[in-house]
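Presented sequentially are two complexes of chain A, the first with chain B as partner and the second with chain C.
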Partner chain A sequence: MSLAEPATLSVATPAAPRLHILRHVTKRLKASLPAYLLLLPSLVSLALFTYGAMGRVLIDALYQRATPKAPLRFVGLDNIAAVLADAAFTGAVVNNLIYAVGTAAPSIALALLFALALARTHAVNSALRAALFLPVLIPMVAASALFLFIFLPNVGLLDYYIGRLLPVLPNWLGDPDIALYAIMIITIWKNAGYYMLFFLAGLQAVPEDVMEAAHLDGAGPYQRLRHIILPELKPTFLFVTVIAILNAVTQVDHVFVMTQGGPSNSTNLVLFYIYQQAVEHYDIGKASAATLLTLAALMGLTALSFRTMANREGGP
Partner chain B sequence: MLFSRRLMLGLAMIGTMAGALAFPALAEGPTEVDLFFPVPVDGKLARDMGTLIKEFNETHADVKATAVYTGSYDDTLIKTRAAIKAGKPPAAVIMSANFLLDMQIENELTNLDSLIAADGTTKEKFLGQFFPALQGNAVINRSVYGVPFHNSTPLLYINADKAKEAGLDPNKPPQTWAELTDWAKKLTKREGDKVTQWGIAIPCAYDYCGWMMETLTMSNGGRYYNEEFGGEVYYDTPSMLGALTWWNDLIHKHKVHAPGATPGPAVSTSFVSGNAAMMMLSTGSLTYVRDNAKFAHKVAFIPRNVRNAVPIGGASLIMPAGLEADRQKAAWTLIKWMTSPEKNAWWSRATGYFAPNMAAYKTPDMVEFLGKNPDAKTAVEQLDVAKPWFATYKTVPVRKNLEDEVMLVLNGKKQPKEALAAAQKAADETLKPYNAETSLKLP
Partner chain C sequence: MKLIDRLFRDAPLATRGEITPKLGFALTVLLAIVWLIPFLWMVVATLRPASDGINAMAELMPSLKPTLDNVRDAWEIGDFPRYTLNTTIICAGILLVQFVTITLAGFAFARLDFAGKTLIFYLFLMQLMLVPVLLIVPNLRLVAQLGLYDTLAGVMMPFFASAFGTFLMRQAFEAIPTELEDAALIDGASLLQRIRHIYVPLSMPSFSAFAIISVTSHWNDFLWPLMVINSPDKRPLTVGLSVFTKTAEGTQAWGTIAAGTLMVIAPLLVTFLIFQKRFISSFVTSGIK
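Now for the complex of A and B:
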């Protein structure tokens, strides 16, 4: 493009600057046509299934019916205001924050522990890695159906073993104080093995010579972990944290299968709240408004993390 | 320019797709109808539905029916509404009986009156085939909107072996709340503070919890909701207060019922494993208990405090609004065939639901079946005292308004009185828009 520019300039006449711009644009388009053609299939499906749907949500969020038989009318930001004023929504946001922190931190810690323990590749470790990775392969819905029975009060596997130790058996999914934590256990069990993969990959990138030098200088295992391994794993941490938080918002299959947000809304998460508004309340306006708020929060989070990552790479 | 090209390509693609979809409809041959059906109890139902539809197609050359599995009752409602919105409604749907009113309010149902009249019969005659208890959920404003297909009522299940052990006669099951409380006390086993066997289990998860509250409230003389008008529920009433207080007492005073909210599958597993000696559960679980219990079981009516009364459950066949005339006619043929005595009886034996068509119980196969399984008879007998299932404007959220509060009570976090007052307030708020355009829209 920069090569072509002087040539165009010399041909252009001052009488027709607009023509010149047009020609310039056409030329640019021609040059990048193959690229657009290659992108076309994914652009079309993105437009149809992602951005089209998002545009629809944006429009739906602006309309509401006053009474069941009344026509839809434009209400501006009223739906968003109604969602923000809804105690069930704020409750779901708080639950989701507890759930996000309570699943991300332990599963990342476990994943790091597994990865450190199984970093060297040999037969036993490979088998153990496969064993720890197994929960990732089980679909969330199937896992939830299994855990439904593990958590059964009195007769479930958990109570069968723990029941001998505790004086009063907890009703794992039926007690509003415990249910959210029971749900969190499944997420941790399911995701730790997945995050372990990222840490295993991250550990491969820790420079061997630095480790050796540290070893020769007499650095103990803890010092090596604290001053070499963990700093080297920083980008992995950042990436896994973002993934874990996104998962905490987007993966709610087990809530559908096990508790439906109950008892008494104690396991209601944001995505399930949106489902309830759309399906149970049949309130598309409010559901769309809640979707917009969630999308905005997720996009903000993603942008922030990408910027941090870019800063790290560009920085000193 | 690029945009227009993309648009054109998109349009071309949509055009091809639409053409492909429209083609079979234009072709000569049988009218194609699709039936959305949920599987609310167990997986075998899907296979049974396949058998039923295959038989229909073999006997009806002019109609080609396809059964489309659509998940749970709730999922079926979502998918039906999505299909209606997309302008391609299914020809018929097996819909949870208490969703009909809400769909009718939203103008999503075909009024079946004209189809019944076209057959040369009257509404009364048509509805007269079905148990009277089921008509309340099928008729709205004196028009027929649904045809009952498979139904249930709650039952009291008793572990007969454990009852004998405790010196109780399983052939004389408890008939009142007082007797049931007494039985539950005798059937609860303790080791110190720890309970090793519960006297009774009553399910409480979303959906089941509201149904059980309606059951207990009805047995206590109450109504739960206004059967004639979708804008009112009776949560903050003496009859419901009595019902919830008794349930709360079973847990916190008599300590014969496990604390907290227990979902349906947990209750049936607990009963079958011998951990709970009695349970209140749907007739729909009868087949499961019959197949899995390793002990003698008995079923009985739900005991009364004031009167014997239970709500119905189950599903009706409906037609969404906006069907073309030929598909409507074909779907009506399918619906009438599925709810005929023979087919209804067959479906009842296959699934464990009872057959809504009264004549089904006079078919020879059914008479033989009931002879072998007397427990299936109790459910049918209880129909004499059964009443409609609660259905209001926004049935599910209004029900949830109550359930969330009941769950707090069962967990010992709230007292029945304040919980019901809170539930009433929340439900009134949910019902407000409907009342605004009906009962409170004044001249």
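Now for the complex of A and C:
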């Protein structure tokens, strides 16, 4: 078969249906116009501050200045290589991983405990839920201001009440081995009550008749938790884990207020590193490269949970 | 024991003799008390006179001679009325624009059929994950290019569209029977008139749920305004509080810090205690904002 043959074949397609398709597309676009106009304000904002911003990060990550006043020049992947070679960045990534696991796991476990204990609604439980929820409402900066005193060496709240039991008083925020765990406590305190709400909502989906059947069969509390409640809460777990990890990357205001990443970079987290590069070192190229890497990691997480999210919002 | 029996009164008969749920409940009560301690300290320390000395600062028993000196000091050192005004302007500005954008977009998704609906839906959905705080660097440069650096408008701009709000309004609009709209259609009402006079009035609960989430999250925003705002008189409460804390920490004025923190969070806490049920149900729907 010669190569020319297929070309002659395609001529056989009549022109009319193509015109028809074109007309159909214009018609559909015209019918869609009101919807596009309604979506326009939101789409402009998304284009500028979400998708445009992602595009700018991508481009900015490819350029660098030799000195702050020098002109921009294209450096390809040099910024990304520089960030990956920067011990401060890899340290921040490791810290952030420890911080993510060390805040997500305990706050989710506590949230589940709270939800199981307070599932039935009466006045006492409502008051307890409100108490556990209060930290969710306040700004991270306000929580930091309170915990600055709680962690204050010698005269602070923690040392005043608990420190007396310890042989040596730890310097909660000043000791590089402890500081990261100290700021993790704040995050757990602040978020457990928030995740509790999702488990409370999830528990309502546990079918009443299955629980009754389990009671009749004499299943104990552990068996009911293990074989009925936990399987039913699986989507809630997935959803809350994603939020907890997102929070571990984005909700780190206390690092800015309390430790500035110190002592000796022990509480430096990725977002603080990005901020330092951009605002303190005016190094937009490196800041963008670090942003790009973080975005890529979070997009991977997004891909994992995308279907759950789409279902939650009711599908397109 | 009687009290515990009353708390478990409506539990299924078979489970009333079990110990584990009661232990879990006891642990939760204990933790709820621990959870409240920072707030308790804040109130006690605010009212404690400086004459009690630094060593009594951590004492959770209220002082016998309560004073409002700390509140007065905080009020004078920090420019809290100004900060409160700025935060209010930021939250109100964002919310008003969001109401328009999410109503229009929510309606398009709920009631209209258009080319590329699936693609646009996913563009919105992705925004839930790409938390704006991660894009501070490119967005700061854009705000500067638009000439909005060091302005409150610059702080508000990135939040004018809300995917969460759009989905919330879509859900609310979908629940409204189409017969109502058909009647208005016969009377010759335009699209915007139908949204304004039929859909919006019937969706007030969703608007208030969204308002709660939007205002609390922007009331608490810190990093973005920290980067956009330079002039002291344009600081919102969070940035103001962090500067104030740094100053007062140097002089070990912990009572003043407690008073300042109290002033910053009081409006939110009071509103929460009044509208507790609304807050809780709004936060459940929020997930990611």
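Operating definition for what follows: the second predicted complex is superposed on the first by the 281 of 316 C-alpha atoms of A that agree within 3 Å, B and C clash if a C-alpha of one lies under 4 Å from a C-alpha of the other, contacts with A are read in each partner's own complex, and residues count from 1 in each chain.
Following the convention adopted for this analysis, a residue touches a chain if its C-beta (ideal position, glycine included) is under 8 Å from a C-beta of that chain, and two chains touch if they have at least 3 such contacts.
All values reported here derive from a predicted model rather than from experimental measurement.
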Superposed partners chain B and chain C on chain A - clash or fit: clash
Which of chain B and chain C A:G91 touches, first, second, both or neither: neither
Contacts of A:L295 with chain B and chain C, given as first, second, both or neither: second
More chain A residues in contact - chain B or chain C: C
Touching partner for A:A35 - first (chain B), second (chain C), both, neither: second
First (chain B), second (chain C), both or neither touched by A:P263: first
Which of chain B and chain C A:P135 touches, first, second, both or neither: second
Contacts of A:P106 with chain B and chain C, given as first, second, both or neither: neither
Touching partner for A:P235 - first (chain B), second (chain C), both, neither: neither
Partner chain(s) touched by A:L197 [first = chain B, second = chain C, both, neither]: second
Chain C clash site on chain B (candidates 41-49, 365-373 or 401-409): 41-49
Where chain A meets both chain C and chain B, residue numbers: 29, 36, 43-44, 48, 148-149, 152, 155, 279
Of chain C, residues touching chain A in the complex: 7, 10-15, 18, 20-21, 24-25, 27-29, 31-33, 35-39, 41-42, 45, 54-55, 57-60, 100-102, 104-105, 107-108, 112-118, 120-142, 157-158, 160-161, 163, 166-167, 170-171, 191, 216, 219-223, 226-227, 237-239, 241-242, 245, 249, 254, 257-258, 260-261, 264-265, 268-269, 272-273, 276, 279-280, 283-284, 287-288
In the complex, chain B residues that touch chain A: 1-2, 6, 9-10, 13, 74, 77-78, 81, 102, 105-107, 193-194, 198, 204-206, 258-263, 265-266, 269-270, 273, 275, 393-394, 396-397, 400, 403-405, 407-408, 410-411, 413, 433-434, 436-437
Complex interface listing, chain A residues touching chain C: 25, 28-29, 31-32, 34-36, 38-39, 41-46, 48-54, 56-57, 60, 110, 113-114, 116-118, 120, 122, 124, 126, 128-150, 152, 155-157, 159-161, 189, 193-194, 197-198, 200-201, 211-212, 215-216, 218, 220-222, 239, 243, 246, 249-250, 253, 256-257, 271, 274-275, 278-279, 284, 287-288, 291, 294-295, 298-299, 301-302, 306, 309-310, 312-314, 316
Complex interface listing, chain A residues touching chain B: 29, 36, 40, 43-44, 47-48, 65-70, 148-149, 152-155, 167-168, 171, 173-177, 259-265, 276, 279-282
